[in-house]
Amino acid sequence: MFTGFMSNTWIVATLVGVVAGMVGFFVVLRRAAFAAHVLPLGAFPGAAAASVLGVSELAGIGVFCGLGVLGISQLQRWDRREVATALWLAVALALGTLFLSMTSEYSQGVYALLFGEVLGVSSHALAPVAVSSAVAIGMTALLFRPLLLDSLSPELAEAAGAPSRRLELAFLTVLALATAMTLPVVGALMVFSLMVGPASAARLLTDRPRVALALTIGLALATVWGSIALSYLTDWPVGFFIGALAALSYAGGRMRAARQAR
Amino acid sequence: MTDTAALSVHGLRVSFSGRPVLKDVQFEVAAGEFCALIGANGSGKTTLLKAILGLLRPQSGEVRIEPGAAGARIGYVPQKISIDPYLPLRSRDVVALGLDGARWGWPRRSRADDARVQEMLEAVGAIEFAERRVGQLSGGQQQRVLIAHALVRRPRLLLLDEPLANLDVRSTAEIVALLRRLSAQYRTAVLLSAHDMNPLLAVIDRIVYLASCCAVSGKADEVIRTEVLSRLYGYHVDVVRVHGRVVVIAAHEPEEIRAALARDPVHTAQVP
Amino acid sequence: MHLLELIVPPGFLANGPVHTALIVGAGAAVVSAIVGVFTVMRGQSFAGHALADVSSAGGSAAFLLGLNPLLGFLGVAALAAGGMEWADVRDARERDLVTGVMLGVGLGLTALLLYLGTIRGSTSGAAIAILFGSMFTIPASLIPLALTVAGVALVAIAAIYRPLLLSSLSADLAQAQGARVRRMGLVHALALALAVSLAAMTVGAILSTALLIGPAAAALRFADRPGRALGWAVAIGWAATWGGILLAYDSFYWTPGHGWPVSFFIVVLIFIGYLLAGLAGRRPARQGLERPA
């Protein structure tokens, strides 16, 4: 389980856990759960397009993540946030079905892309993942205080020289980066669980933002490590364990909060 | 309880997770009376209105409301709501929902219903914007539409939660005058909550003053007096009149504030 | 006549699978559009989408057990909708999170069931069929059930029409008027579940959001009264669905031997409708958006 090709997986999983936890913390804070679900799912057509064009999968995913950021933020100027998000998803997935219909023999690939693949990490994928996680972590650290302030009150952030719209764009960009690197490992449909589950549990366990952030990263790491180990042992899909473990940690958080309130 | 009371509240007690919000609230509003519910922020005005509406269950006490025509007992205008500009409801539709909005089944409205809606729109001066989406109206205009919505079933009692908050001086005066007129026209008792009594003092029949979880009620000049309010607050307050405005000032720091100040190290250091 | 043949190719209307697709697609489009108007108005787009995704677990289970797929989608969607209403989370943030966590569990289950399906030796095409739909492979025997589901959803919405409108204006107002808000919420959630599972059957679990949100969002951009909003949403959804089916059928002639997916055309048409609606709709005053004062 810890030898040979699996060692890549463990390295990547650790990076994924840290980044997903960090970004997830702000996803929950900014009520961006829907966007966190839609960006990865809307990026998966990129992988299909890449396979049609014969280019690198990661590049395809990256391009569609970028398009997603632009699409959502542009549509948001028009309409409610969640309608904009839903519409982007529809458009992206429509393109995805089109690309899928152009390639044959791809359905197994689709499954891995949607629900994750433990063995999906090759050595030459390590470098891009490491770089993008470094960028994502750096950007989150840089944006930590403005984002916190903006979640508290957009007016306060504006007064401090950080306009909401620009912050939203920056945030979506970080989310997209985190998505692009997380997606091949845990799958387009499960990136979101890994971001939302640990963060929503941590928020119930502590009131202090830094502690909550640390707790989120810890829970995300536990979730992703546990899922990969369980998936390796049972041969069941990673996605199933991620969904289940994320729900477990949230339920645990709720129960502890309920006991404290009593 | 008198026969003519549109609303009577007896020994009302409400607490949230052990903390009392209303301890023993008692007052009456006579039929057709125009009445202001005054209290500082957090004094329990909204809680009291919700208890009257039956939206929350009091620990003890009783709320009695005179039944109005066709079962319509209370009209209600909630505290400022933010309405989505894309909500596909015109002012006219909102008023029509006042007639039968709670009823299930596909709507079938008679000509008489349409006439009542039209009459109500005219009565509140909302005809000009009757065909526009409510979400795109100004705050004062939305207020008028919601008042029409609340009154279209001819309730005997109209409750308004902070209808004057967020309005400019002119709109405030207009809404107060409008409510006064409608109250007289339809013989509807009005109870409206506000944290500032000054725009209302000239027109109200009765004031209900809420403080320290209790209430006193009566004519404005009977209630807004130093000794009455001091008894209500439980510590000495002064009623001061300046430039025709009434202000209630605590003469000494009340016990809670003094205790809080004593706990605060910075404050004690500065004030020997 | 030749022009017409160019648009509606010969054999289109005589084709059995096309008939079924037209009927079931129209049903799904109409119901999704109507339920969608209320879903958008009540700010439940995420919940609507989550329900569709979660229902795919039912679709996969039905596939694994060899049951009627619509029943699978329906059962799980109804269960999830009931659960969401039962949890009765008022705080919008907490509701989003509960929805999200549930979505994760549902998708995890879908993953597991699809996986179990593939090791049982079935084709791995199930994942694509369940998640992305396959309109031309809907069996004709499904028509009665699909139309019944559509009918029930429409009746449910008609029953709670007025309280739904009132509570999308303000929940407090509806409650003060004596509307049974919780029961209404439950009925709406069930109607949503019916609409979503029907759409999931036709255009696939993942794309059903397009049918639910797209036409409704388009209609709400310019319709200024509830009846018109519903009418326009239905018109846009229906037209996009039939147009999509027609174009997909045509596409067999564009690229010989290989058709383009129906869902792609449907979504593209809906999105065009949305953009046109945005241009047609008068922009509300900027101040109205920020702060009505």
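Labels for the chains are A, B and C, by order of writing; each one numbers its residues from 1.
Following the convention adopted for this analysis, a contact is a pair of C-beta atoms (placed from the backbone, for glycine too) under 8 Å apart; a residue touches a chain by one contact, two chains touch by 3 or more.
What you see is a predicted model; the values in this text were computed from it and never measured.
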Next on the checklist: Can you identify the chain nearest the overall CA centroid, using each chain's own CA centroid?
Outcome noted: C
Checklist outcome for this item: In terms of CA centroids, furthest away from chain B sits chain A
Item to check | Intercentroid distance (Cα basis), chain B paired with chain A, Å | outcome: 47
Next on the checklist: Averaging over Cα atoms per chain, report the distance between chain B and chain C in Å.
Outcome noted: 42
Item to check | chain A and chain C: spacing of chain centres that average the CA atoms, whole Å | outcome: 25
Checklist outcome for this item: Listed in rising order, chain A residues that touch 2 or more other chains are 79-80
Item to check | Multi-chain contact residues (two or more partners), chain B | outcome: 84, 86
Next on the checklist: Where in chain C do residues touch two or more of the other chains?
Outcome noted: 221
Checklist entry - How about chain A: which of its residues touch chain C in the complex? => result 28, 31, 33-34, 36-37, 41, 78-80, 82-83, 85-87, 89-91, 93-98, 100-102, 107-108, 110-111, 114-116, 187, 189-190, 192-193, 196-197, 200, 236-237, 239-244, 246-247, 250
Checklist entry - Can you name the residues of chain C that touch chain B in the complex? => result 37, 41, 158-163, 165-166, 168-170, 172-180, 219-221, 223-226, 228-229, 284-285, 288-289, 292-293
Next on the checklist: Please output the residues of chain B touching chain C within their complex, sorted ascending.
Outcome noted: 53, 55, 74, 76, 78, 81-90, 93-94, 97-98, 100-107, 131-139, 142, 146, 149, 166, 168
Checklist entry - Of all residues in chain C, which touch chain A in the complex? => result 40, 43, 45-46, 48-50, 53, 92-93, 96-97, 99-112, 114-115, 118, 123-125, 127-128, 131-132, 204, 206-207, 209-210, 213-214, 217, 221, 258-261, 263-264, 266-268, 270-271, 274, 278
